[in-house]
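In what follows, structures are represented as structure tokens.
Common to both upcoming complexes is chain A, partnered first by chain B, then by chain C.
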Partner chain A sequence: MSQSIPAFEARGVSKSYAQTAVLKSIDLTIERGEFVVLLGPSGCGKSTLMRCIAGLDDIGGGSFKIEGQDVTNAAPAARDVAMVFQSYALFPHMNVADNIGFGMRIARRPKAEIAERVLAAAKILKIEHLLNRKPKALSGGQRQRVAIGRAIVRNPKIFLFDEPLSNLDAALRSETRVEITRLHRRIGNTMIYVTHDQVEAMTMADRIVVMRAGVIEQVGAPLELYNNPRNLFVATFLGQPPTNIVSASVEQSSSDALVLRVGNAGRLTLPSINGALKAGEVIRIGIRPESFSIGSGAGIVPVTVDLVEQLGNETQIYCRLDDGQSLTLNIAGQINPPVGSSLDLQIAPEQIMVFGADDQNLRYSAKQ
Partner chain B sequence: MIRKRLIVLFLAPASLIYGGLFLVPTLSTFYFSLFSWSGFGEQMTFIGLDNYTRLFNDTVFWLSLRNTLAILFVGGFFVFGLAFLYTVLLTSGIWGKKFFRLVFFLPNVVSVVALAGMWAYIYNPRSGLLNTTLSAVGLTDVAKTLWTSPDNIFWAMLAALVWVFTGFFLILLMAGVDKIPTDAYEAADLEGASLWQKFWFITVPMLWDVMAISFVIWMINAIKMFEFPYAFGFLQVPQQLYTLGIYLYIMGFGQRDPIYQLGYATAIGVVMLVITFVLIVVVRRLLRREQLEF
Partner chain C sequence: MSDTVYQSPPPARRISRVPGWVRRLPAYFLVWMWTAFTLAAIAYVLLSAVKSKREVLRSGWNLPQEFIWSNFATAWNVGRLGDYFLNSVMVVGGSVFAILLVSTPAAYVLARAKFPGREAVTNLFVLGMGIPIPMLFIPIFGILSYLRMTDSLTGLSLVFIAISIPVTIYLLTGFFASLPSELESAAVLEGCNDFQVFWHVMLPMAMPGVLTALILNLIWLWNEYQLSLVILNSPDNRTLPLGLYSLQNAMQYTGDWPGMFAGVTIVIIPTIIAYALLSEKMIAGMTMGAVK
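After this line comes the complex of A and B, so read on.
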């Protein structure tokens, strides 16, 4: 019975600062043990939503439930959540052990119990040799572990991570990313993780919640979002390099096929979208950089090469259509077309996203 | 090299003025305290440590010292007690923080003499604000208190002094608290810390350097305390209000009647200097902590 109660539920949550709405009717359900990433650009409301979940900010409307209990108006400590702050928020005057054991100390737990649990958490994070050090004697990565340790030791119902990797250098970031994922597998608690970095989201999340301007744009597993974005924003926000967005005009739209003209000379034939578009309409299509192949035959688009970047395992080619629109290609392996040369690009029709006037993906298929 | 010479050149006038008008007189104090000297004329009689022996047997000196220490410790307790209390309350996220801070600081922008005069009026036994208010709320017995009687006047003055100084230290402490990152408090909120626990485990340790400097400033102020009790005592300061500073002044220059015992007065100055130095060294040592980074 208890298995059916989700770890977290938000219903119609809204919040405004003065006249500006930062969260607009947020609905979200998170199952127990899930690792959910809130992803979006700066100012999309993801950090605000996390602070509201923690109880650090009040909400204007709606409700929160944690494991079935309404915590909308509960004090932060009563929600049984632990948060890892972007700045880590370690207490500079306390050593690592005191930082990790702070919550138990103020709850007046016996010293032996505090020491035991602090050591257990430190062992999980491999920082047991640092317990007597002050934060200023720690590296960025070590501080980050201490902050996580402070969360682990409480064994909360939900872990909240607010962009915890943004202060680390690139190498340490990818290393810590893997460690947090491992930690999640090991302890199994529900985790909500805020980031603007789509690589973190794609690699860590069970499900990603893409947000923009206070609204949830789409929720789903990483590949589900990548392969089947609901709209133009989700399509461009996920993927690096970003999806190519190209203007195309509809030449034919019937129950059999959708024929598009791309640039002056390119023509693409796609599966039908049931006449949702009319001939002559100018629309936008999305093509992932890795959806191109170089070849000849039907459904080709001619381009001119602007710049080639050799990455060893793949080649990134920046090129232009004959009407000046730019494209980025990711071609597996090593090829080296001369700058200024022409290429014929082939694109698998089923991998092309078609966006209507309202930026919705006309080929989006909602899962039931 | 030229740059260094220029720096020396620019610093020279200030150093000369500081040395000539402050350092030399301060050091001379030790010398003059060994003489019987009116402060005027050439006649100086070397008497060795006699001035200090006299101080040791001078009940008025001991009264002044006791009053000075009472200001330092009792006054300090209340000044910092209230400043901390207001800091906690004003930084707890209440509305009107800046307004209240201004209100508490206002006494510091008014002349000390005017404030002392105002408090003398407040304490006036018959028509003063304090007793009138006490009568109005029905505390007629308390309202009969003669606040400026010899028994009460020092403590009445000290209460007013606390009122004057609390705002200043409140500003210092609040500036220190504003420097503490808010996420430290938020992390504590998530752990379930009470207002008191946040104050004790976060504010105090993270405010340590500001507290240390505030204590030193208060100590220097308290030991040299002069203007407020002097003005509070009006033209003829009663002995109950004597501080070391006042006693030094009176022995050096007199009140209505001149006394002119500058040699003796400088001995008091030397004692003040020694107390100040010793206390600062002790307090700095007690409050020494490693620098925090946040």
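After this line comes the complex of A and C, so read on.
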């Protein structure tokens, strides 16, 4: 099989502001046509990385390649990328058509070509009736489309989206999310999308890049990250409500099984981690809220109900272990255990994440 | 379910029983007094400009029995205000154009670019604003003498430009600093070089600020008297304020007060027209930096 040239490559990219390192040796490869989401909390460096890719900020070390060409020191316009900003960044003194065609006007393209391509982009985004309006006469969603139009009219090698939905209300956000995904399917360009919203990341991405404090924590398909997080940060960052992190003590760790005590009365038997842990060691385990079921039998953890939230299709139960650690459960369907009552929780052993002292997931299996 | 009645907390402070408009009365009173005084003065000047010599000192604010439009012709021709008007237009027009030509890009760079010494340069301009103009009379005259530019409109224009640049740059730096940086980034990604970013994006957005700078400079330079008096000497080079002063002196001997009032009218009309045309944009500019 022939190796195709990736759309984008970052090798050892670092950047500092004064003494603070905001990007630390970033390595990332993005294939052509991929929709990659940079996800992380505020201040993790995702927007900085995007601005560096666009050439708006310089990097301290490392290199960028776009479709095989080294663009580390190239001017922003020479990189053939287009960016959609969080604030839309529409030029308020120009109408929609002039905003969309601005780059081509600067490049001194013929007027007829500009008009034709502006109209084509406007038709894709269904804003052809707005071409003569100024940005102030548009709604938030329309402005966002114009900003996307300004990007697609240039047919760049890479689209960069910097939290483009964060200024929209909830309904419009989910609508626009679907539209951007459809747009990607339709035009097929490589897209890099920055967000701190895990729902956007999970629903839109081919692959998610989870970042924290200037470091890439894990890269993978959304469900791969959800089911097989590399470390405690990724496990807790993805998923809503977040993964329950519970302290447990190792009762037995052998080549056959790992037996954990959870709280005072709970005991869980998990598949072995090949003796990576020692008896008596206190570790942390992660359990997704939907990994619980209410039942009886082996592997039972008793809890006391604190609060019940009925959501119709599911029930969220906030409860406590007998040593005071809190848990959140997502149980499918409608149940209504009384507050203060006891529940016996059953957890599928293979769905329990086990974190070592360095917060790494001991069950993580790297895929090639 | 228990019916819990929540009581609203007691008000933190006593609410005044005096209505807002009553509390604002002193402010309204002062504003209206000021306006009435200004309008009365302008009305007096305008009315006196079209009265006869005999009527002007007797009838106060009364309408003239007969409109004497020839007073304007007297001021324009006898008082040479026509010539002085042209001098003012050339000096002020040229100066304001040059001030904006220099200050606008300078302010943009000082507001947006990052380079060592930027703050020092900005502070230098701010410092320039603090020097009282009378302190500059002797050094300016000395420099102009050296350049053989005393008693010339070009020399006066250069002084106007030099003195106005600091305050104009200070004013415009505030405007440019308040514009969102993402627009610059967007323009750069669209392929603009530094000048194109300034010309196509930032300058149009800073237009209210530029118009504010234009009108403020226009008004103060049009009415500038002290520097003109120091620099200009020969009657041919006088600007309107100097011409008006000489007209007043002349009218003292001829007793042609309506002619003098006609002269005053000729001087104030252009600034009133400019303000009327641009005031809306100017007010928008004045408040632009304050509210995001």
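Simple rule for what comes next: the second predicted complex is superposed on the first by the 365 of 368 C-alpha atoms of A that agree within 3 Å, B and C clash if a C-alpha of one lies under 4 Å from a C-alpha of the other, contacts with A are read in each partner's own complex, and residues count from 1 in each chain.
Rule of thumb we're sticking to: contacts are C-beta pairs under 8 Å (C-beta built on N, C-alpha and C of every residue); 3 or more make two chains touch, one makes a residue touch a chain.
Everything quoted here is computed from the prediction, not taken from an experiment.
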item: Chain C versus chain B on the shared chain A, clash or fit after superposition; value: clash
item: Touched partner set for A:F85, first chain B, second chain C, both or neither; value: both
item: Which of chain B and chain C A:G312 touches, first, second, both or neither; value: neither
item: First, second, both or neither for A:K136, with chain B first and chain C second; value: first
item: Touching partner for A:P110 - first (chain B), second (chain C), both, neither; value: neither
item: Partner chain(s) touched by A:G324 [first = chain B, second = chain C, both, neither]; value: neither
item: First (chain B), second (chain C), both or neither touched by A:G280; value: neither
item: Which superposed partner A:P338 touches (first chain B, second chain C, both, neither); value: neither
item: Chain B versus chain C as contact partner of A:A54, first or second or both or neither; value: both
item: Chain B and chain C contact sites that coincide on chain A, given as residue numbers; value: 54-56, 76-77, 81-83, 85, 87, 89, 91-93, 102-103, 106-107, 150
item: Chain A residues touching chain B - in the complex, by the definition given at the top; value: 54-56, 75-78, 81-83, 85, 87, 89, 91-94, 102-103, 106-107, 134-136, 150, 154
item: Chain B to chain A touching residues, read off their complex; value: 181, 183-184, 186-194, 197, 201-202, 205-206, 208, 289-290, 292-294
item: Residue ranges of chain A touching chain C (in the complex, touch as defined); value: 51, 54-56, 76-77, 81-83, 85-87, 89, 91-93, 102-103, 106-107, 150
item: Chain A partner contacts - residues on chain C that touch it in the complex; value: 180, 182-183, 185-192, 196, 200-201, 204-205, 207
